[in-house]
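Take a look at the structures below.
Shared chain: chain A. Partners: chain B in the first complex, chain C in the second.
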Partner chain A sequence: MKEFRIDREPRGSVQLIRLTGSLDMYSFPRLEAQLNALFQQGQYYVVLDCRELDYVGSAGLGALIGFAKQAREHSGDVRLLNVPERIHKIIELLGFTKVLKVHSTEEDAVASFEAK
Partner chain B sequence: MDLPENIRRKESTGKLHLQTPGHGSYLAYIRAIVGDLARKIGFDEHEVAKIEMAVDEACSNVVKHAYSLDKKWCWQHRDPEIRLDIRREGDRLVIEINDHGQRFDFANYRPTDIEDRLRQMKRGGYGLFIMRNFMDEVQYNSNDQTGNTLRMVKCLKKP
Partner chain C sequence: MRHGACRPGNILFEAIRLTQHPKIGLSFARVSLYCLVVNEVGRIVGESSNGIFVGCASDNRVCVRVVGRGTFQNSQPLRQFALEKIEQGQEEFVVDLGQCRGMDSTFLGVLAGIGLRLRQNGHAATTIQIVHISSRNMELLQTLGLDRLFSMNSDTSPPLAEPEYHQLPDTDLTHLTHPLGKDETADLMIEAHDNLLRADERNASKFRELARFLREAAERHHKNEKRGQ
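What follows is the complex of A and B.
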């Protein structure tokens, strides 16, 4: 099992956050704290790279749409990148992909904000 | 998989008993163990992912609600533990999750429509929907002797 990790790599005005491990009710407060800190600094362009993520529970998904909503109120967004197929199938089935934007390349995800 | 000492696991043919502290840090172990068993029984990877998520939602509810520190427990003499009994019954995987915390009014709980929640971008209220949609049966029973038991069934072949 991978240890949950959050690594932030800013790309200009876009905050790229690489997630590793499981985003469940135990780990999501750590991401919540990170996103709250970014929002307090006025950073509302966020891309979450999920390539190394092996699980997302409803606590994590709920938090993500809550943050996406908050970011959109400030003309930003929280977008997903490289979502593993196993997780993508689940979040698509539940309808979360109707609300959260998902990208397959880092360039696309970052450029989607630059185009704004 | 190496398990922490305070996870107790007993396994016999097609049956598994698991006992863990009722704390969020053990959820990843529970998911991994249940997922491995579901795979061995013959569920494909997409169904395994659904089973793991349903079990995770159930156990998260135990940690978050049944053993919530701000609620008075019904059975304070018990240790806050989660007990899982998982077995194969023919073509069905039966998972029973037991706790001795605050009981949940399952019969009267009416979750709001998930489409509405998503449209409004609500943060919570998805857990029970996930359990009911990813498993074929979900039942909840609570009494003073045995505590609270959530029973979920997943069929290998669709009923």
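What follows is the complex of A and C.
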């Protein structure tokens, strides 16, 4: 099992966050803290690269929904990128694909904010 | 190696596995539960070392052992099993988390629901014992205020005579045969997160958005279904 890691790479006004490992009850407070810090800095455009994500639990998705809601009040949002099939099944089952847009390329995900 | 019952026709056994600690390099022995999945014609079609295993101890306590992850995908069989046992008058549960690799909020909410139901029936908080709990899991349960509902014990020696375990159907996340549908999943998750909020009001800040999202999604779905009828 990979250790949970958050790597941030700015792409202009968009924050690209690469997640590695399991986004679960133990690790979601770290992501929540990172997203809160971004919000405090006025960074409202976030792309989460999930390619190296092994697992996502309901609490982790709750943190994303919370940030997305706040960010939308400032015309921002969260996009998901490179979501592995098994994780896509989970987020679709839980209805999260209706509120979180999923992209398959980094260019598309970043450009979706520029198009706003 | 100790054999036990699994699903009819399947073979459940305990095996000692040597595991090397990734940092200090020392090897240590660990007893794990395994289940060989046997099909209708007696052929072994798979091996499972994950799932939720249950049994009844000689002192009549209901024993639950979580092997691998406890998540929203395998919580429903445990919820159903526990409610049936409570209906039958069982009052004491022992949950062994010695082989539990992780739990999500829905699974924890289901455990909380069992504790709340027992308390509602007038039983003391200590009627659920969590045993072999790691410091990581203990911290998690304490953070969520669930230590008020359970008594927790990190002792590594088994506190009770080992029961004959059998695997609850559809709890091995690698072999889910009848996964819950959208509606059932949403209902389960809403109830589980409500349990967490009831167990400790400080959980509201952690799960408020998720609970609201799940409730709104379920309402939208029910409305769409009504329109479609």
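Note that the second predicted complex is superposed on the first by the 116 of 116 C-alpha atoms of A that agree within 3 Å, B and C clash if a C-alpha of one lies under 4 Å from a C-alpha of the other, contacts with A are read in each partner's own complex, and residues count from 1 in each chain.
Quick note on the criterion: a contact is a pair of C-beta atoms (placed from the backbone, for glycine too) under 8 Å apart; a residue touches a chain by one contact, two chains touch by 3 or more.
The structure presented is a predicted model; accordingly, all values stated were derived computationally and were not measured.
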| item | value |
| --- | --- |
| Contacts of A:K69 with chain B and chain C, given as first, second, both or neither | both |
| Contacts of A:R86 with chain B and chain C, given as first, second, both or neither | first |
| Chain A residues touched - chain C or chain B, whichever exceeds | B |
| First, second, both or neither for A:G57, with chain B first and chain C second | both |
| Chain B/chain C common contact set on chain A | 1, 22, 24-26, 55, 57-59, 61-62, 65-66, 69, 94-96, 98-99 |
| Contacting residues of chain C [partner chain A, same complex] | 69, 71-72, 101-106, 108, 136, 140, 179, 182, 185-186, 189, 193, 206-207, 209-210, 213-214, 217, 221 |
| Partner chain B, residues of chain A touching it in the complex | 1, 21-22, 24-26, 55, 57-59, 61-63, 65-66, 68-69, 86-87, 89-90, 94-96, 98-99 |
| Chain B residues touching chain A - in the complex, by the definition given at the top | 1, 23-25, 27-29, 31-32, 45-46, 49-50, 52-53, 56-57, 60, 63-64, 114-115, 118-119, 121-127, 130, 133 |
| Residue numbers on chain A that touch chain C, as the complex places them | 1, 22, 24-26, 55, 57-59, 61-62, 65-66, 69, 93-96, 98-99 |
